[in-house]
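As structure tokens, here come the structures.
First chain A sits with chain B, and in the next complex the same chain sits with chain C.
Coming up: the complex of A and B.
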């Protein structure tokens, strides 16, 4: 299975959000601020990230603040993939 | 509401939940997430098979939203097909399908299995509690709740005191809800109580507006959220409730109130026929994944 290269995580997430929410988002917009997305959608994001990038998001990483922005999610993906590549935390 | 704010130790409760549908699974998640041991009973093999994974998924969602206490170990979960496993529990919550006959049947059966004095709860969005109480061996032990979905994210719970509900049962339900960190609002018995009596005809109207082509589901929700401050929008709420359950509840309301605004509109009936019953089937007024 091929993974998107590092630089495209943000773009892939923005595309995913566009398709799923029919709204264009900026990388640094708080998706869950007032008038934004629902908490249940947050769980869809968790599942999407785990499936798309082969990561497991657990424990202290599993908190809404990590999923508020595309920038934040991309950072989480990179960190967990790097940790997995290093043979775990 | 919070006079009894200490709450019992979670393992002072042994909760039996009847029905592993959306509400049964959600309430089981809420309970084990607060350290309360749960026996979840369903006669449907397919529902039992997926219940554990669904509860694990919902525990993650609850954790993601910071909705569970950090310092409480998860309560033990037993999944069973036998009502006899309700014996010895301190409380039973039935959360089977929103059809009077089905609820009466399980209430009648379980109330002779548990010891006298055991709290018996019917979780219903619309059916008057005193109708169901007649099925119980001891009607004073039956209390109504109307948990919202997801019950672990919504702190307030509508609690219904039926005409025959006893004070001991009211004390027990308050103690259980305190342990689960829910805030009860106690109301009198009536078809749809407060929340469904107000919300369900409104959702029905929202669907009718879409049916008549006045606006899309997205635009109805955008207006109700943006102009009127509705938290999720009525049609997204319909998907969350489950359109099959919504139609059942509207029928309960229509039969008992005669209010034609409660007669399920064609679009809702069409979606049920097509199997597009909301979030739990992946599609309703919206599409879902994950």
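Coming up: the complex of A and C.
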């Protein structure tokens, strides 16, 4: 499985957020800060990341900090994809 | 209908037989029935085959849940609890925990999941149960209320605070310090084994905590409840199917004023409403299950929509069914009398009507074009 190049995940996530929320977000904006998005939306993000990048986000990775910013989500995606790659894909 | 689903459906129909009314009146399900269904993997059909489960998709599991719900909502509630427990282990646990726990949940052991407390119902941010690390053990203190199936359960999955965040911990029901007391005379799903669970300094190995500490409470609860909501939604489809079947049979055969009830237009209106309710709830559940099976992000909202639509239709539909059946159905234990009480609880459990409406409104608002 090829790794998305640096910045691709970020761009795709910003597009997803824009389509879904009709709002333009920055890579380092806290999505869940006051007036931001809900925990329901956090779960949508979990499912979106799993589906789009073929990863499983389980147990210890279900902390809100992993989903707080686009930068954080992109880092999570790259880490889990690298780990899956080590598993012999 | 796939062959495994058809077999499971026929099997559970035979096992329940005509006993659901007796279970409703006595407030108890036969434990050997639960263990038998559990050992066949039929209480949590979504567990992947690699962990000993049937590995059914959401749509197939949903149809099975609806069928069980049409027979006995208490049994369906136990399925919802077992399924939610398995889903919680699958999502929150690590690989070792999945390997250790999921095969137990598909081989006859029974499980329940605890969220609510006396001061934390719809507002789960008020959860006060504490999971404290002490060396290589954890100590659990808390008091859960209305924990469905806890009366029968071998394993209790309890949500609580841990460190700066939250966690779910797997508590053996027989561990020292665990006290389970059945809720007396619940309004509906009377045999589902609802219980209060008191946890007094329950000491457990540290690996009883699923996934680890510091997780987000809203995210954990949203994740676990998503499964429960889907299961309740399909269970409500079952309630509507049972009501439609009983009511049409009765209205076609009973005569008043010289013709069958169904020929009286005001009665026919009730039948039409019940048919619409069953169809609408089915479509909402099929849509949501399709989203689950495709891993689509809008499964989250589709699930709440399905739960809300199905519970509301079930409550109104069951009331219509009692109205049409009248004295023929107005006795505890009768399918429509059970449906009437069971469906009302479905408007409360796993997110009340009002909580679902707030979530749906919130969802609608997140996709507003800025002005």
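Here is the rule we go by: the second predicted complex is superposed on the first by the 81 of 89 C-alpha atoms of A that agree within 3 Å, B and C clash if a C-alpha of one lies under 4 Å from a C-alpha of the other, contacts with A are read in each partner's own complex, and residues count from 1 in each chain.
As a working rule, contacts are C-beta pairs under 8 Å (C-beta built on N, C-alpha and C of every residue); 3 or more make two chains touch, one makes a residue touch a chain.
From a predicted model like this one, the values you see are computed outputs, not experimental measurements.
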Practice item. Once the structures are superposed on A, label A:64 by its partner contacts, choosing first (chain B), second (chain C), both or neither. Key: both
Revision key, fill the gap. In this superposition, the partner of chain A with more touched residues, chain B or chain C, is C
Exercise for review: Once the structures are superposed on A, label A:37 by its partner contacts, choosing first (chain B), second (chain C), both or neither.
Suggested key: second
Check your understanding: Counting only touches as set out at the top, which of chain B and chain C does A:22 meet: first, second, both, neither?
Key -> both
Check your understanding: Once the shared chain is lined up, is A:47 touching chain B (first), chain C (second), both, or neither of them?
Key -> both
Check your understanding: Across the two complexes, what residues of chain A are contacted by chain B and by chain C?
Key -> 20, 22, 38-40, 42-48, 62-64, 67
Review point. Which of the residues in chain B end up touching chain A in this complex?
Key: 57, 60-61, 63-66, 150, 153, 218, 225-226, 232, 236, 240, 279, 288-290
Review point. So in the complex, which bits of chain C are touching chain A?
Key: 90-94, 97, 165, 210-212, 214-216, 218-223, 226, 294-301, 304, 359, 362-363, 366-370
Point to revise | chain A to chain C touching residues, read off their complex | key: 20-23, 37-48, 50-51, 58-60, 62-64, 67
Study note, to complete from the structure: Per the touch rule, the chain A residues reaching chain B in their complex are 20, 22, 35, 38-40, 42-48, 62-64, 67
